[in-house]
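A, B, C, D and E are the chain letters, set down in written order, and residue numbers restart from 1 in every chain.
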């Protein structure tokens, strides 16, 4: 899983019908060499500013209630932002 | 999902038969460290200049009407281009 | 799909039996931040110098006549090399 | 598979129910051009500081006892950290 | 498929049982912008120093004799290391 921080909601009025009912969150990936933002579906109620675990790709379907073209899913909220020492 | 902006159509006269009937769009990925362009199938009518959500890989099949060798799909149109502050 | 340019054939005498009969092409990925070369199977007859669309990963199987450990497939030939303006 | 070093555990009180019971480890990817950290499930008892092999994506499911939205799995512990010479 | 060069074997005494019996090779990816090393299963007898084709992700399963959490597989040995001219 990747680690990231929830930045905001995504408002998408026109979308594929299978995405209806899923909350879509903008997540900034953290702990990567270069920053980037992705959009993930959320079923556990993650809120802005929280650090989360993201599952990507095909394994996402095991966390959805029905099949949908969704390739990123918030699967956990990290209790504390991980900080790593250089020695690691 | 990744975020991107629709740039143009792709004209491909010779293509795998399973791709016939799908509109193919060139999309510039945004909110990534380095810019790049990909081609995605579109079933919701995204137009040039619009900001879209892209699903990639195997989950794409849940958004297609029939099986096809397509690995990127426009699944939503973002109402407003997301802008993030440095503090995020 | 990714965009690329066909560079050459790959000659591989010893290979997994499931790959027999597939033409394998070296393709230089274009429109990405950093150049790289990949190898893709081809079933539509792409030739050296042509610009092509590549599907990667699991969706490749929908474009193969039988199951094979192939993760990149030429699915279309682009009529004209896409050129994008900075304003895009 | 990717190679990495186990850095720490991840504490996630609120998570998708399918992740309950899996130990989640922060792993720093090694032998890549740019360092990054990921989170992987572990079923073989890898400990902090050990060098491990990570499987990602859909093949992870063949290493899980039940279906779960997990996309990275520790599948082996490397006996010795690989060191490569420039000539390689 | 990606191209790479076989560097060495991986010795992993403790590993997921489904990996038993597979030779695991360290492969340096070539023809990419930035060098990196991965570990791939091998069923065709690739040896140190040989240039190989690697399939990654879910399509790997079509090259395995039984289901296993393996996401990279050597599927071919390239007869000659590809060299590309700048004009390509």
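Simple rule for what comes next: a contact is a pair of C-beta atoms (placed from the backbone, for glycine too) under 8 Å apart; a residue touches a chain by one contact, two chains touch by 3 or more.
Quick caveat, the model's predicted, so the values are computed rather than measured.
Novice: I need the common contact partners of chain C and chain D, sorted by label.
Specialist: Per touch definition, common to chain C and chain D: E.
Novice: How many angstrom lie between the centres of chain A and chain E, each centre taken as the mean Cα position?
Specialist: That gives a centre separation of 30 Å.
Novice: Using mean CA coordinates as chain centres, what's the chain A-chain D distance in Å?
Specialist: Whole-Å distance between the two chain centres: 19.
Novice: On chain A, where are the residues touching two or more other chains?
Specialist: 34, 57-58, 60-61, in rising order.
Novice: In graph terms, nodes being chains and edges touches, is this line, ring, star, complete or other?
Specialist: Here the contact pattern is a ring, one closed loop where every chain has two partners.
Novice: Follow the ring of contacts from chain D, passing to chain E on the first step, and record the chains in turn.
Specialist: D, E, C, B, A
Novice: Show which residues of chain C lie in contact with chain B when the two form their complex.
Specialist: Listed in rising order, the residues are 1-3, 31-34, 43-45, 53, 55-63, 73, 75-80, 82, 84, 88.
Novice: Which residues, counting only chain C, touch chain E once they are in their complex?
Specialist: Residues of chain C touching chain E: 5, 7-8, 10-16, 18-19, 24, 26, 28, 34-40, 57-58, 60-61, 67-72.
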